[in-house]
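One chain, chain A, appears in both complexes that follow, with chain B as partner in the first and chain C in the second.
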Partner chain A sequence: MLIYLRKRIVSSALPLVVVIVGVFALARMTGNPASLYLPLNATQQMRDDFTARNGLDQPLLVQMADYFGGVLRLDFGQSLRTGQDAAAMALRAFPATLQLAATTMVLAVVLALVVGCWAALKPNGIADRISSFISMAAASIPDFWLAIVGIWIFAITLGWLPTSGVSGASAWVLPIATLLLRPFGVLVQIVRGSMVSALSEPYIKLARSRGAGELRVVTHHALRNAAAPALTVAGDLTVGLVNGAVVVETIFGWPGIGKLMIDSILQRDFAVLQAAVLLTAVAIFALNILIDMGYALLDARVRPVTVKA
Partner chain B sequence: MKTAAEQAPATAAAHAGTSAAQAKAHDVVLQVQDLAVDIRTHRGTIRAVNSVAFEARAGETLALLGESGCGKSMTAKALAGIMDPVCDLADGQIVLNGTDLAALTPKERLKFAGPELGIVFQDALTALNPVYTVGTQLGEAFRIHRGLNAKQARLEAIDLMKRVGIPEPESRVNSYPHQFSGGMRQRILIAMAVALNPSLLIADEPTTALDVTVQAQIMQLLRTLREEGQMAVILITHDLAVVAEEADSVAVMYAGNVVESGPVAEVFADPRHPYTKGLLESVPVHLERGAELNSIPGSPPELHDIPPGCVYQSRCPMVQAICRAERPALRPVTPPVSGAGAADGAGLTPAQDSRAITPISAEGRPVRAAACHFSEEISNG
Partner chain C sequence: MYSSKLPFSAAVLKWPALASVAVLGLSGCTVANTDDGGAAAATDTVRVVLSQEPPTLEACESNLTSTGVVVRSNVTEPLIERNPQSGELEPKLATEWKATSDTEWTLKLREGVNFQDGTPFNAEAAAFTIERAVNSKLGCNVEGYVFGDVDLAVKAVNATTLTVTTPEPDPILPLRLSFLEVVPTSTSSTEKVREPIGTGPYKIDTWDAGQKITLSSWDGYWGDKPAYAKAEYQWRSESSVRAAMVTSGEADVAMGLSPDDNIGDLGVDYPNNETVALRMDANEAPFNDIRVRQAVNFAIDKEGIVSSLYQGKHQVAAQLVPEGIVGHNSELKGWPFDLDKAKSLVAEAKADGVDTSKQISLVVRNAQFPKITELAQVLQEQLTQAGLNVKLKMLETSQQLTYQVRPFPEDEGDVALMIQHGNQAGDAAFTVDQYMLSTGAQSYFSTPEFDAMIKKADAASGDERKKAFEDIFAYQNDKIVQFAHISHQTGILGVAKSVNYTPNSSSGDELRVSEMTPAS
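Up next is the complex of A and B:
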């Protein structure tokens, strides 16, 4: 397992380099930060000084080489906006997003398992139809629309929840509800589908013939077989949450990595943007490795072959 | 910790003890009457199994013989209470050791699934759960019905693996189904079915997916277990040779109906239903090279379109007007005038089992029965 893990980490390095190069080049296409950070009546001399001071006068390849040199020394540069260490800013913002994403995914997975199994017990039954309607609706509603409607109803009209911020538990409700809906809807359909097919397998019949009751059949025999597709999709949806986080964190003023990215793009704060993207990419790679290990945990047939001593 | 050698006799004795208390040889363990199973389809309800009746006796094998789609597997699933969701038990009694399983709720039936009745499927790979070790699956019955913990259940699983002849059970108990060969998987399946020494074992084409050598080993294992536990075995098969070798009595099924039943030797020597006769004549033995194989012309009727009258009328060489009008009931037929010897005509040699060949109605043996208006005329005797 350790050998496998090391292989995976090493093989992740190249895609990470590609990500950095891409973000590096794209960020610089947004324009010169000088026009944002200097007063409107700044002279050409001031602009050239600013550009030179931040190394932006060098050819792109040289800038990139400098940056990679820094990354290897774990120096990710400074923020143009605040002058702080870019990596520190990204790391500070990350936990807020992680909390939001983790809570959302745990809730989505648990709810989807319950609803999906319930629906799968009787295909085309009443429970199946209700859950299919709910999950279709949940998967189709755009998150930015839901966020704004949610704010309007629960924060402005009813006044039950705050419009934004991170003060207290009530501030979590709207961001999580917004993020939750799509993963929940998609996962219900995946769980339902794979449970229906698992429940029709001969080994389920055989388990019943040994006296296993309905609950045991569903939770013990079918669910573990049905879990792999759900795990794949849950991983993909978690990555998608980063996307959702940009929207949701911006709308709800949540001080996470999504908001940091948007702010950095708007401010042409290249170093911070790169650090934030790199951190997110690393997190996604780690997540994928975890998911692959999850498969192996669920099903012995996909475990990496280990040579016995 | 006892050694394996010390444990083995103790285990065998324990098994023998349980089974002796359960049933004496030839006692009727299972009595099925008027069994009917409906399938709900988009085109309406069809009757897949119709007024099926048979008995299974302790220490004996009853073969359910028939071609694909004749309802034999459906019957097995109905007996075991594991029918597909679109199937309904429409009618009948399934009396197992005095309890009518058909009258129980699904929840009540779970108490019988395992301790009283075990089932073995055809394809052992899909019948075993791929994500659990065989030890976990073998031990499950003990955890459910005897409340053992994981450790005790694992020991029972190892015992079972020994019983069905799986080498190195102590290490193999932690292996997954895909790490076993087809024959070993079938052994595991059988071990699972006999785990709690049930009085009835249903084997649904247990050797169809296996090669011939392994088939023989599996049939031998089933025979040994049957004798050890005085189990009644219902063997579902389409293989006439397997029936001749393994079974004591046979029920021939066609289009959801039992068309003929009785002791194997008698049925094969002297078939009383044109379908049984046709089946036996289609076995390729004693044929000249190049000669045409005998077969029954036509194909079984579609289940949603079974005509009134006899189910076999469309393929029967001796069909009469009454066959199209009236469905013959499964009724006792007179025993043959002369018993043995006629087997030559069928080309199959029934098991050399004196008990089965002796005329037996005095001992309460299963009577010959056939569902044909003209069963007396068909007799070879």
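Up next is the complex of A and C:
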């Protein structure tokens, strides 16, 4: 397993470098940020001073070499906008996103497993039809609309929840509910499809004929074999959330990495953008490795083989 | 037979459920790196929700709206302040000032004032503030906005007397000085400071980055003690959420609301000194013919736009500055909506060889102000009806700024740029020098005669200055026609019933907490 992990880490290094170089180059192709940070009537001298002060007058390769040198020393530079350490800003925002993503995905997976299995037990039955309708609707509702309607109903009309913010347990409800629906809807469809297929396999009939109870059939035989597709999709959905739940973070004032990245793109805050993208990329590579390890646990066929001499 | 009843107990969900509990348990329902100040605010705290987190509270950046709204006259104070209602300059940390020569101003400073770190305010601190903001290499935003390339010679004559000398006569130097927020000499002059020390009624208590800023009333303040012991600032990007926070009692004051936010009688209108207009590039066809630029003015139904898009809250504009700004010409009337006249002017120009079919880019910044997309679409349609070929270009801020500020993009064809201009200073020079002078950072063109009028107005003072700028706005509409003015905007502030506060034209840039009181 260690050899497998080492190989995955090594193979992830190159894409990581490509991401860093790509973000660095693309960000600078969008132009000099001086006009965003100086008054509109700033003189050319002021623009030149700004450009020199921030090292933007250097050739791109020199800037890139400086940046890589900084990355090796874990110095990601300073934010143009706030003057703060870029890495500190990214590290401060990332856990908030991670908490939101993890809680949302765990709840989505749990609910999707329950509803998906329930629907699969009797294809085209009432439960299946209801779950199909709910899951299709959940996967299709735009989160922006849902967030605003959620605030209107639960915060303004009923007064049960805060409109936004991060204060107290109740502040988690609307952001999570908004984020949860789409992964839940998608996962229900996947679980249901996989379970319908698994439950019609000969080994299920064999298990039943041997007197295995319904619970054991579903959990130990069918679900174990049906889980791999759900894990793949859940992994992709989690990656999407870790990348930043921009709409939810923006509407609910959640101080996460998605909002930070969007703001740093719009403000041409290169150092913060680079730090946030690098941190997110590392997290996504780590997540992918975890997902691969999850496959190995679920399915013996994809486990790395250790050959004993 | 399968049953549709759930065939398994909670045992099947053991691991996911445990993981779920673990995630929530580890987080304790507290968002990482945030302060869980969940309880409702005390009655001695006023809660303000802004549209964005201030990038910094640095005093020399306080002309930036997002910074100034927190720091100006709350944490720091200027030497002189402009009364937003009367437009008159009034004493603050300076008690009096006068021109002692063509180029020298002498200021008498207030005694008995201390900074929040206990050090006394004196002429040395005032001189340091000016040197730091205007003459240093810090690159302060206020330097570019107010002083340009001009360096000032500053001298602390004694503890309470300061002289400021300009290279050229500057009749509005006291107005320019009103933009400088005074900081103590202990402030770094080589680096910007995120959390300044000032002489204001509030000092910065905490700044939980990404979440909120808290100011607390400072006992050593030289003036009257403010009614609220604390001011708490949060920020939400969506104006509908800001409005909802006031409606639901989570905030007392919400900035920058839109007419669509349904805040009802909690929404208070105020003139925000912002004007919307189209700026036309006369260096290219078809705008190189004044008749086409006049046609644009006739083709825009300003009354219709104001009544249908902005519920009649804005005022039709005839110039780039609203009433209350020195130099505003109250005699000017907006161009009437006359589509037939617009069409005939375009036809005349075409008959004289102007290529009126050439594409005009209508350049607009996304989300610059409420309903800007709808406004852009209306303008495109109305100019098309007049016989012009208009293509709408909606751009994000950084891209749009390349069209707004010199050097303008080349080989772009003709451009009509939608601008939103706010004159925070109260004097037309801050508008005209940028937008109308041939060398102005945001001006497409001028004429030598017009430039001479502007230079003369800049050097004038008193009634002569006022008249000179009034003439400039009239001349613009008559002979230059670089602009098609649309409307003077009105800001909307959400104010909860628990707070007494009447906004004024400077509230969007400088929200004075000391002017707020709890409703009895």
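Heads up, the rule we're going with is that the second predicted complex is superposed on the first by the 302 of 309 C-alpha atoms of A that agree within 3 Å, B and C clash if a C-alpha of one lies under 4 Å from a C-alpha of the other, contacts with A are read in each partner's own complex, and residues count from 1 in each chain.
Basically, a contact is a pair of C-beta atoms (placed from the backbone, for glycine too) under 8 Å apart; a residue touches a chain by one contact, two chains touch by 3 or more.
Just so it is clear, the model here is predicted, and its values are computed rather than measured.
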Combined model on chain A where chain B meets chain C, clash or fit: fit
Determine, under the contact definition given at the top, whether A:254 touches first (chain B), second (chain C), both, or neither. second
Could you look at A:221 and tell me whether it touches chain B, chain C, both or neither (first, second, both, neither)? first
Answer with first, second, both or neither: which of chain B and chain C does A:208 touch in the superposed model? first
Could you tell me if A:268 is touching chain B, chain C, both of them or neither one (first, second, both, neither)? second
Counting residues of chain A touched by each partner, does chain B or chain C come out ahead? C
Based on the superposed arrangement, let me know which partner A:165 touches: chain B (first), chain C (second), both, or neither? second
Between the C-alpha centres of chain B and chain C, what angle is subtended at chain A's, in steps of 10°? 160
In whole Å, how close do chain B and chain C get at the C-alpha level once superposed? 6
By the touch definition above, which chain A residues appear in both interfaces, chain B in one complex and chain C in the other? 122
Please name which positions on chain A make contact with chain B in the complex. 122-123, 200-203, 205-213, 216, 221, 224-225, 298-301
Residues of chain C touching chain A in their complex? 2-4, 6-9, 11-13, 16-17, 19-20, 23-24, 27, 29-34, 36-39, 55-56, 58, 63, 137, 139, 141, 143-145, 148-149, 191-192, 194, 209-211, 234-238, 240-241, 244-245, 247-248, 250, 396-398, 401-402, 404-405, 433-434, 440-442
Across the complex, what residues on chain A touch chain C? 30-31, 33, 35-43, 45-46, 49-50, 53, 81-84, 89, 92-93, 95-96, 98-100, 102-103, 106-107, 109-110, 113-114, 117-118, 121-122, 125-127, 148, 151-152, 155-156, 159, 162-169, 171-172, 214-215, 218-219, 223, 250-255, 259, 266, 268
Chain A touches which residues of chain B in the complex? 77, 80-82, 84-85, 107, 110-115, 117-119, 121, 123, 126-133, 140-141, 144-145, 176, 178, 189, 192-193, 195
